[in-house]
Amino acid sequence: MLLSVRDLEAGYGGAHVLRGVSLDVAPGEIVLLLGANGAGKTTTLRAISGVVAARAGSITFDGRLFSGPPEARAARGLGHVPEGRGILAGLTVAENLDLGTVLRKDGAAAVAADRANLLELFPMLKPRLKESAAALSGGQQQMLALARALLARPRLVMLDEPSFGLAPSVVDELLGLVQRLRTEGTTFLMVEQHAAALAIADRAYVLAGGRTVLEAPAAELAGDDRLVRAYLGAH
Amino acid sequence: MTDSTPAATPESVLTLRELAVSFGGNHVLRSVDLEVPTGFTGLVGPNGAGKTTVFNVVSGYVRAAGGDVRLGGETLIGVAPDAIARRGVGRTFQTPKLVAGISVVENVMLGLDGRAGPLAHLRAIAGSRRDSRPARERSLDLLERFGIVEYANEEASALPLATQKIVEVARALIASPRLVLLDEPAAGLGAEDVEAMVAPLVELAADNDLAVVIIEHDLALVSRLCPRLAVLHQGGVIALGTPAEVLAQPEVVDAYLGAGFAAVGP
Amino acid sequence: MLRDIKALTVVKALAVTAVVMVLLTLPSLVNPYRLFLVSLVAVYMVAGLGLTIIMGWTGQVVLAQAAFFGMGAYLTAYWHEWMPWPLAAALACLAAAAAGAVIGFPAVRLHGFYLAIATLAFSELVRRGFVELDSITGGIAGTDVEPVQFGGLDVAASQWYLALSVAAFALLVAWRIRVTSLGRCLLAVRDAEVATASVSISAARYKLVAFALSAAMGALAGAVYGQLQAYLTPEIFGVGLLIQFLVVAFVGGVTFLLGPLLGAIFVVVARELLQDLGAGQRLAYAIALILVVRFLPSGLAGLPALWRRFRTRRSAAAPSAPAAGEQPALASSGGDA
Amino acid sequence: MSEQVVNGLESGSWYALMALALVLVMRATNVPNFAMAEMGLFGAFMLWTLMDAGIPYFIAIPIALLCGALLAVVLERVLIRPLLSESEFAGVLMTIGIFVGLNALTQLFWGSQPREVDSPFTASWDVFGTRVTANQLVSLGLAIAVTYALARYFRSPGGVRMRAVAEDRVTPRLVGVSVSWVFRTAWAVAGVIATLAMVLQGQSTLLTDQNAGSMVLKGFVAATVGGFTSVWGALAAGLGLGVIENLAGYWISTSARPAVALLVVLLVLLLRPQGLFGTVRTREV
Amino acid sequence: DDKPAVQAGGDGSCSGVSQGVTDTALKVGTSLPLSGGAATAGKGFEAGLKAAVAEVNSNGGINGRKVDLVVLDDGFEAARSVANIRRLGEEEKVFAVLGPAGTANLPGSFSYLERKGMPMFAPVLPPDPDKGEVWLLGTGHKDQVRVIIDWLAKEKKVKTVALLTQDNDLGKAFAEAVDEQAPKHDVKLVANEKLEPNSTDVDSAILKLKAKNPDAVISGTDNAQTALLLKEARDLKWSTLIVGNSSSGGPGSPSTVGPAGPAAEGFISSAILEFPTSDAPEVQKYREAMKAGGGAEADNSFALQNYASAQVFFEIVKRLGDDVCWAKFRAEGEKLSDFKTGLIPPVTFGALPGGHSGTKGARIAQYTGKEWKALTEFVEPQD
């Protein structure tokens, strides 16, 4: 397993949100995390990346204990596109992208190539590179957040509702990209309510009340009308 | 349909005429013409088409470079945003903007507080409940209708995102506006949450002759909700009509839906 | 209000009665110096409440409270020559509120640190004004303040009842503001300024209201302070006093209604207790301040919440040791650009 | 009058340096550091102590700068960083606490006797009837050099990281930006710059425990007028402030001097809310 | 309690209210700036008092009463100074406040002292409020400057003077003195440039002074600013007479001449004390007391000043005999005449108005580059 979470508990101040989350992600998989509004999906991702402290349970990455500050976890190959995008409004679009290259050690040429590829994928960003990232529209910011995270070339990418605010055509392209990157060896853990996501995922976990209550192959879930209606937007 | 210049008809609540907006040299809206009658109107278009910008101009947050915005018969150009709200325009934001330090019900009450004049504030400070009691009751009522009354006394910042969005919709509705602008209200919501928000919205709109403009990338929802759909692209409305008509137009598919649309679309 | 009291448990009611009794009979319980200190607590609390309104609730970093405090002190002392003290104080508050609105008018366009520096500059300029206006203020040399004496009471007791009633009044007003529509509007300006216009709230107008309210509170405190101090010089109303007020407001917890009370107690009591340290007391005071901020970043009023969290965490952590390492949470809400 | 201008440029250089230190800390960690000058003063007093012990100026200077940096780094690590997830008010109050504490410590260690720093820059020249001293040239030169270096740095990847962290302390870490690195670097460099400012002031005048209070105020004024985001703006504002102060003393009255800095900042902000060289945030909704 | 003031008419009876005295102890207190902008002075004042108290106690106290000294720090802040005096009166219940400092801070306590009836002895150095409870020793800033001007006009034939002052009470006193005294000698004030207290930014003010080319510059600033004036004048090769007073010049001690270095040679200052370095027997006794009592270096004129004040205070208390109370203190104090300490000019008190300023004169001294030398005896300003 690339990522393995056992009985994870976490919360905010007095609010105990996660009460026992367990999940596994194998290398090269696309795993979906589903659950009702407020079930704790976002909190799970935050606990994995270290933004929220785990109060109990264990997280292992690559077979080793996963702990330390978020930057240390990022350095071990974790990418996280957070809920709310996390665009830095004080920086330009290009500078936001540059942040994604902090961990890249494979030379300027490789980085430049990746950058060009991602800009090809999100052409809207290209003419805006020198502008303040705050000026971007909601969907454009989402693209920027995705591009920035992918530019770091993480081994495991956690996407918190990547389709948020994206036009249908862009969602298509995004999901296509996820599939393509997976064939190149990248692993994905996605919180996503877009029905189309189920089509490209291998497995899915369902979260309820801060616990994992169900794990099943994605295809199986896709057939379960009740579940689809509960957790996925029809889109 | 693309270049029809709509005349102001009596039932049009909001009328945009040749609306233009630019930021620096970037002409985001070139000439937008749109009439919004009571009931639901959908506004879709690719990312960065200027949908949110249209809302920002109508609600006074962004200044138009040209053209006109009329609510009822009166122009909104040059009117301050809070005054526009007082004239009956409610709106939500693409990312919810609730007040973190107060409870959910108080957030909804806020929709009424701004209307209270200095005297009402003074009365309340002096201990009168004349205004606050009905305001609280109406707000709780509204939360009840949206099915989130159990959150009424929680701090707004601790709510899950979807609930925050619903609270914001309630806040936009509480002051009985004539026109409500909803910016991607369903994004990030699961099917059940969407239902919880939409059903009361439809009822309220019908009961109060409300005009609702809704920006939404969830086309199933838009198709279901809106008898009229406008597609914004390259600074203008490129298509206007029923969802079925509009979404079938090749230029809309090209600009907005993408090739894969057929595979997963409705 | 009556209803609220009814809702309290008997125990709470008794405790409140006891506290009120003690406050009312205080002059016969403690010596005049301690009475002076408690009066000082009341004065600092009122000035701090002004900061709670403008900074804690409205979120505007305004560093002009020392100036408004000084205006209250000087103007009340000056007008008191011609009219009863309460009227003089009320007029001084009005004048300070007007001054607050005047500086607020251009300042509502400023944000964050720019506002802080602009208002700090304003405050220091007002203090220089105190130096220049020597017909009212006595200039650099200073001016005596005519003591108010209520029939039959000595000066210290009179001052105490003055301070007590002003503090009670200010607290009551601040509480009513906080729980009513005006308070919600102010908080909205702080937490969601961009959204305010969409609900008909004019952020600029409410900032002005907050400026004026906060200035008036500062002036009210200053009016009583003049009585306690008995002699006013412009040097009193400098940056040092401002820092004092910031400590009052923030050590207590700047968003809490009772925060300024706790902060004022901290300032006065710490000063008193540290007095024995002689030349080391400034250092000790700084260390006390640093420790409070370090371990109670949201102020003394955050203690109960901290205690609750400590208890829940202990019970949560009890069954299995936290393997992922208990490191501080970075965010209470996600990164939201 | 030309001498007033030259003197103004000298004190303006110190203000500018202090402003740069403040801007650096602000841009990297979003903390308005009221203790900045006090930290620099500690370094300056270390210089005095070292020289008092017989160590030559040019050996003592790097040690003193290092001391200033070290102090800043330690205080940041121990007292500021734990408050990062708290409201920004906590950070402000903490720097005020540090300001008072350091001031008291300085007074306890070094007393409040003014001290003389024997700088080697004692030369002075007559340039077209105006006296120009070596101290003045050194001050101005260093201010410009530091500004140039910082301007370069802010555009480099490291600078981008700093600005990112100042704005949001969570998201940048998700892509691997080390907050500790950013904080340590920013505070260390700011400590050096602040020490430089206080040393330059001390060696041109006298070193007293009272030097820091007005320095930090002037630094903030310059940084604010400069717009907080622009280092060249901070330099221009610092120099301008020094010159305007002196000219106001010359033309109006020296008793007006203290008010001038305040009036300038008030007027500038009322006319241009984002400072002279600042930029406005583009989009809010 | 604010007891009705003892209407000390001076009949010498002890019927009124009093405090701080037992058969074996006399409690006195003071409030000093031990921290903040005037800490050097404050610590010096404290050391002088402590030495005097230790000395008197080691000799068995005053009439068998040991003196108990309470020192409070006010950080040179008016508000804390006021609070401290009240604390001394109500909480510590001292008999008298002895040698507190703060020209601008102390007047805030006068009305309290008056209500209470408690004496404040030898505060440094507020203007005389003419109140029965307040006793001044040490010639005020204003009279010192008047003496300086007399001397400059007579001995140095000075025709024009300029002032460099702080923008506060100190500076104000200097300006008033020049206004009063200069016309008497046909001396013209050609400039008065002001400095921010505590600021070391003095260059522009000095350039302005130099432009007016006065015969003498009188400095009403602090020690650091006066030292900077000396240094800058030397750098500018500007030879004019530079004069300070007991506060800005610190005559007898290195407060100003130390930091000014070689530039201090020839610096002139008025003095209201003997020099701490003098070998007069009383000063030697002072230095021994300082050594025994611990505290700051004995060459500190601040310490000497309060040590001297304490001698006068102890003398009055001694004359009270067994009955120590406020009413009698005032009566006895006002009888003190031509009392010589050898440290300050002879002390004479009398009835109000005016009688509570115990010394009047000042002397002029000069720094030779190595040490301070008195140029005149203690003289009073010309009326």
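In order of appearance the chains are A, B, C, D and E, and numbering begins at 1 in each one.
To be clear about the criterion, a contact is a pair of C-beta atoms (placed from the backbone, for glycine too) under 8 Å apart; a residue touches a chain by one contact, two chains touch by 3 or more.
Each chain and its UniProt protein: A, B = ABC transporter ATP-binding protein; C, D = Branched-chain amino acid ABC transporter permease.
Everything numeric in this text was worked out from a predicted model, so none of it was measured.
Common neighbours of chain B and chain E under the contact rule above are C, D.
Central chain assignment: C. Criterion: smallest distance from chain C-alpha mean to the mean of all protein C-alpha atoms.
Averaging Cα atoms per chain gives one point for each, and the point farthest from that of chain C is the centre of A. The most distant chain from chain B is E, comparing centres defined as mean Cα coordinates.
Set against one another, A-D and B-D show the most C-beta pairs in contact at A-D. Averaged C-alpha coordinates give centres for chain D and chain E that are 38 Å from one another. Mean C-alpha positions place chain A and chain C at a centre distance of 46 Å.
With centres taken as mean Cα positions, chain D sits 31 Å from chain C. Chain geometry summary: the mean Cα position of chain A and that of chain E are 74 Å apart.
Among the residues of chain E, those touching two or more other chains are numbered 35, 39, 167.
Across the assembly, chain D contributes 104, 107, 167-168, 170-171, 173-174, 213, 258, 282, 284-285 as residues in contact with two or more other chains.
With touch defined as above, residues shared between interfaces to two or more other chains in chain B number as follows: 23, 52, 61, 93-95. Each chain pair that touches appears in this list: A-B, A-C, A-D, B-C, B-D, C-D, C-E, D-E.
By the touch criterion stated above, chain B contacts chain D in their complex at residues 23, 52, 56, 61, 93-94.
By the touch rule above, chain B contacts chain C in their complex via residues 59-61, 80-86, 90-93, 95, 97-102, 106, 109-116, 120-121, 124-127, 131-132, 135, 157, 171-172, 175. On chain E, the positions that touch chain D within their shared complex are 35, 37-40, 167, 193-196, 198-205, 207-208, 223-224, 227-228, 235-236, 255, 258-259, 261. Put simply, chain D touches chain C in their complex at residues 26, 32, 79, 82-87, 89-90, 92-94, 96-98, 100-101, 103-105, 107-108, 167-171, 173-174, 213, 217, 220-221, 224, 228, 258-259, 261-263, 265-266, 269-270, 273-275, 284-285. Note for the complex: chain A touches chain D at residues 49-51, 69-71, 74-75, 79-80, 82, 86, 88-91, 95, 98-103, 131-132, 134-135, 148-149, 152.
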